[in-house]
Every structure is written in C-alpha cells, then in structure tokens.
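Both complexes below contain chain A, partnered by chain B and then by chain C.
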Partner chain A sequence: MSQQAKQYKAIGEDLWKNRTEKVNAELFSFTYGALVVQMIKDYENYVEVNKQLEKMGYNIGTRLIEDFLARTSLPRCVDFRETAEVISKVGFKTFINITPTISFPSATSQQQSPRNEVAGMTGPTEFILTFDENPLAEFAELPLDAMGSKYAKAAEEKKVLNWDQKEIGGQDEGLWFSNVLCGVIRGSLEMLQMQVEATFVSDRLRGDDSTDIHVKLIRIMEEEQPINDE
Partner chain B sequence: MTVYGVWVINKAGGLIFQRNYGGIKPLTPRSGLLCFLTSVRSLSAHCNEPVTTISDGIAQLSANEYLVMAGTLHGVHAITSRIAPVAKSSGVQIIESESFKMTIHMTLTGIKFVLISSTDMSNAESVLQKVYEAYADAVMKNPFYTLEMPINATGFDARMNAIVAASGT
Partner chain C sequence: MTIYALYIYDRHCECIYYHDWHQTRKPQPPRAGGTYRRDVARYDNDGEGDVATEEEVAKRKGTVAGLPFDEQAKLVYGVLLSLRNMVKKLSGRDSEQFTAYRTSSYKFHLYTTPTNFHFIMMSDPLADSLRGVLRQLYVGPFLAYVVRNPLVDWDREGQDGKESREKGVDNDLTSSDTRDR
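And then the complex of A and B:
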C-alpha cells in the first residue's frame, strides 16, 4: 500500500471513530431492503427500479459531498487514481464503514488513451470498486427472476461467468439491489466537476464471485458560469 | 474579533444567504466600506435607496444591493483565479480595508462562504469551516432544500448565531 493510501486509510478510520454518528446496522439494512421491495411492488419492473435507485443515490450524493468536504477538508485530488483512493478509504469508510478494494482495468493501455489528454488528466480514467461486504444487502437473497435471465441460468448450472470476456450481456436485466451506491458516486463526483459513469458489473446476490462497481470518468466539466441576470 | 456579517454565494454567483450580525460600529466608518459600496452602487442604476446604517454594526443595505455585490464578488473571484500564475488557483481569499476585512472560502463544489469581520479576526478561516459544516448539516441534509436556492432554514440560522457568538472569544 502506498504512502498516500495509508494516509487516507488513517483519515478514514479517524473520521469513522471520532466524528461519525452511527445507527444500528440492522435498522439501516432493513430500511433499505423495505424500500427496494416496495419499489419493486410499485414499479413491477426491475429495470425501472434500478433507474430509480440510481436517481435516489444521485440526489443523496449531491448533498452528501458537502458533508464529506466539510468534515474532511480534503484538497482536490490530483488524478483519478487519488479520487479512487479517497472514495474507497475515506468516503465509503466514513459513511458505511467498509473499504472496497480498488483495481484499475488495463491500467497500461489507459495511460496512452487519448481521452486522458482531453480530460487533462494523467493516470487511469476508470477503476473498479470491489466490495467484500455490503451492509445494504446484509440479509438479502434475490429471487431467481431478479437475477437477470443469463445470471439465473448460470446460477442454476452453477457456472461462473466472467465479465472481462463478455460472456454476459444482461447488464440491463434483473435487479441491481445496491444500485443506489452507483448514484451516490455519480452525484458526489458531479458536484466536483467530474462527470462519471458508475455501474454495477457483478453482484454476489446475482451469483457472481464478487460485487463490483465500475466507475469511468467521462469528462472534467469546466465550471460554466451562467450569465448573471443582474 | 467581531463578525459583522456572513454571505453564502452559490456556484452561479447568486446570493443564497446573507445576515448581518450586531457588532461595534467602526470608529472610522465608511473609509473602505463606502468606496466599495459606491463603486458597486454605480453599477446598479436601479438602486436608489439611501445607505442606512444600523446603530451597532455595518451598513444595512437593500436586498437587491446585496445581490449585486455578491454577483460582483463572484466576478472578482473568477478574475483572480484566472489571472493567477498557477493553474487551478483558489482565487481571492481576503479583501482587507482599514476598518474591516472579508474572508472568502470557496469549497470544491464551488460555493463561496464570505465572512465580513473586524480586521483583527485571526480565526476567520476556522469560523468559515464551521459555517461550512453547519451548511452541510442544517441545509444540505434537509431533504426539502433545493440546491442553489436561497436558504430559509431556522436550524441554520440558529447554528450561525451560535458560531458567531462563539467566534469572538
């Protein structure tokens, strides 16, 4: 672990211990579960539920970021790699006490990608957060029809699917139970002028080996200043 | 160590919060303040109300004048961060006059917190940090608050009063 990563880990742990108000984990998990189930009843469509959960997360993220900045007073990250470290070790740590593992897909090819120049950034422009534990889904077990057709089939055959090899395509099928997290990441980064795409690529609930969120930087938004009508 | 007022300016340059806090009237009133005001006033043709001064603090202006000044400050801030010799400069942080100073803290999300205080205010930065925390707690966490809109939260006012009261000691 790099010096920087260690430093963020310490910041995250300090904030969690001393400056975070805690709630009962089961209450949190039940509340989220009840919410998702009620949405499934209301929308009767997993795709729509995923979309709504993401929107809710976005609205949370745009507000949560202010709390995060006010309490941490962290300066702006120099690159997207640092952003990933902060999200994992400080962000997720202080709010839900988990530290997802970060990995950078095809990091070498990323460094030469033309998108980097457009964004004015060095280093990677995408990363994957791997969740070893997920407090949102502590007690959840998805029904087969919520797993997406390909997942459900694979689950029956006990076959392991590999995302990298494009074996699966049913991204938009079935329920992504914790999709609110994707929205939170997108919302909070958007407030910091980073437009990102955050999507679940796998979820243990759907029979995958791990729970992964893929975050990809689309562009750095220049601060647009609307003309003041005064 | 007196706080005269606090402004919150959203990222588009709109004034979303402005309060004057009672302080001691400066001994040499209107030296720097009036220069600033008159220059701003000349920018807005439709502001004709006279400058009225409340007895125990800084000049009380009309809501419209505050809006114009916040917009002007927003522009000045943009200029200072653009002409800076390094990229991604924070822009102007302190404007100081003979009788008072303005300390500006811009968050990474683009909101500006402005503290108007006496010149001997040494803890202005930490006061603004507390204001930011109060904003995050009492404004942003309210699900009924719409982003970028004027702040009308009694909870925030109460916390601001406490911060201002504690800041002078």
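And then the complex of A and C:
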C-alpha cells in the first residue's frame, strides 16, 4: 500500500472512531430493507425501484458531501485515482465503516474498449469498488425473480422451480438492492464538478461472486458564471 | 476587531445569505422586474413594497449606499471572480488561492468550499485572517441549519432555513466578535 493510501486509511479510521455519531447497525439495515420492500410494493417494477433508489442516493450525496468536507477538510484530489482512494478509505469508512477495494479496469482492458478520454484529467478515468461486506444488505435475500436476466431466462424455460409469479415488472434487469450507494457517489462527486456514472455490475445477493460498483468519469463540469446582463 | 458584513454565495453564483452588523442604512430593495427573486436581505422599506420603482432607482443613482441589493451582491461576486481569475493567471497555477484584500476602510475575506460555496466576510482593515472563522461557520451553523435542513430545497435553495440560520450565525459571530476584540 502506498504512503498516500496509508494516510487516507488513518484519516478514515480516526474519523470513524472519534467524529462519527453511530446508530445501531441492525436497525440501519432493517430500515433500509423495509424501505426497499415498500418501494417494490408501491412501484411493482424493479427497474423503477432501481431508478428511485439511485435518485434518493443522489439527493443524499449532494448534502452528504458537505458533511464530509466539513469533517475532513481534505484538499481537492489531483487525479481520479486519488478520488477513488478517498471515496473508499475515507468516505465509505466514515459513513458506514467499510473500506471497499479499488481496482482500475482501464489498466487491463484498455485494448478492448476505446480509452475514455476526459479533458484536463490525467491517470485513470474509471474504477471499480468491490464490497467485501455491505451493511445495507446484511440480512437481505432476494427472491429469484429479482435476480436479473440469468434467472428470468431460466424461468422462461421452466428450469427454475418455485418461481415467484407475482406481477412485478422489470424482471429482466432485476433489483440492485443497494443502488442507493450509486446515487450517493454520483451526487457527491457532482457537487465537486465531476460528472460520473456509477452502476452496479454484480451483487452477491444475486449469486455473483462479488459486489462491484463501476464508477466512470464522464467530464469535469465548468464552474457556473454569473449571468451577464450589462 | 470588528466584523461588518457576511455574504454567502452558492454554486449558481447567487447570494443566498447576507447579514450586516454595523450598517446604519439598510440596503435598498432590488429593482422591479429584475431577475433577483430571493428575499435575502432586510431592505430599507419606507412603507413601500418589496421592490423599488424605476423612479426611486433613478433618484438614488450615483451614490454607493443607494445601490439596489441585487446590484451590490453582483458587484461583490464580480470582485471575487475577477480577482481570483487574475491571481490564477498571474501565478500560472490553478491551485493558487485568493484569500483576502484590503482597502483603507475594510478587509475582504474569502473562504471557498470545494463544492463552490463562497463565504465572504468584511471586517475592519486591521483584522487578522478570518478564514478560520468562515470555515467554522461552514462546519457549524451552515451544516447544521442549511445542509441538514430537509426544508431547504438544496439545489435551488429557498429561504426556509433562514431564521434558524440567522440565529446560529448571529450567535457565532457575536461570540467571535467579542472574543477577538
């Protein structure tokens, strides 16, 4: 681990220990679970629920970033790699006491995908956060019809038993249970003039091997100028 | 040390908060028909409505004290913007920070958050740097009463949180005022 990464880890741990008000973790995860269940009942469509969760997260993120800055007083990051470090080691640590692992896909798969160029940025422009633990989904289990295309297809071919026949739309995409996290990342980075795209690529709840969020930098936003009316 | 006034601008370059502790005359209301919608300052209302008529504006022209509040707010932001850009251009580095300037009658302090909220404070010319105070303001009352206030429409922030914010800011600054004097 680099010197810088160690430093962020120390900052994150200090913030979590000394400056974070804590709530009962079980209460937190049950409340979130209840919220998601209620939304599924209300919308009856997983795609719509994913969208709403992301939107909620965005609204949380736009305010949470102020809280974060007030606590840490960290300077602006020099590149996106540093941003990733701070999100994982300070951001996630401070607010939900986890440290997702970061990896940079662009280093290995650069040949296949055209390089995502962002003006004014050096270094990587995307990263993947891998969650070893996820407090939101601590007690959650998805029904088969929420697990996405893999199972939807199997169900069509009648290979899966006890398929839930309830009329819930969007079964092809399925539910991204912790989609609120994507929104938080997008909202908070947007306040720092970084427009990003954050999406879940896999989730243990769906039977995948790991829980991954892919974050991709779209562009650095210009600072707004006052309207000139003279 | 005396503190004269405080301005807070959001990232849409709009003045979202203004308070003056030592002003004898209240700012003039913004012109009628202008784009300025916010009820930020307490205006000098001589029994008239919220906005000034063209006639009044014409009468006041030429005196700084008679500037309508929207113009005053815009000028303060203009100073910030142009000085900051000049400082950056002169040094050639983007990280160069513009923090304060001084005239014979006041000192202008600036604290900008990474999310582009600008906290500006006017104090007497001999004051020390007030960036610490401005940061405290951000960490304290601003976070507690604005950011954490569900009634504040965050991106187009309204004035719902104004009262409690005013109280917080007042308490904070009166205390720093007396402490530093």
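One rule holds in what follows: the second predicted complex is superposed on the first by the 193 of 230 C-alpha atoms of A that agree within 3 Å, B and C clash if a C-alpha of one lies under 4 Å from a C-alpha of the other, contacts with A are read in each partner's own complex, and residues count from 1 in each chain.
Criterion: a residue touches a chain if its C-beta (ideal position, glycine included) is under 8 Å from a C-beta of that chain, and two chains touch if they have at least 3 such contacts.
Only a predicted model underlies this, so the values are computations on that prediction, with no experimental measurement involved.
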| item | value |
| --- | --- |
| Fit or clash between chain C and chain B when superposed on chain A | clash |
| Chain B versus chain C as contact partner of A:T62, first or second or both or neither | both |
| First (chain B), second (chain C), both or neither touched by A:I98 | neither |
| Partner chain in contact with A:R76 - chain B first, chain C second, else both or neither | both |
| Which superposed partner A:M191 touches (first chain B, second chain C, both, neither) | both |
| Residues of chain A contacting chain B in one complex and chain C in the other | 62-63, 65-67, 69-71, 73, 75-76, 191-192, 223, 225-226 |
| Chain B residues touching chain A - in the complex, by the definition given at the top | 11-14, 44, 67-68, 71, 74-75, 78, 88, 107-111, 129, 132-133, 135-137, 140-141, 147 |
| Complex contacts: residues of chain A adjacent to chain B | 62-63, 65-67, 69-71, 73, 75-76, 191-192, 223, 225-226, 228, 230 |
| List of chain C residues in touch with chain A within their complex | 11-13, 35, 74, 77-78, 81, 95, 113-116, 135, 138-139, 142-143, 147-148, 154-155 |
| Partner chain C, residues of chain A touching it in the complex | 59, 62-63, 65-67, 69-71, 73, 75-76, 191-193, 223-227, 229 |
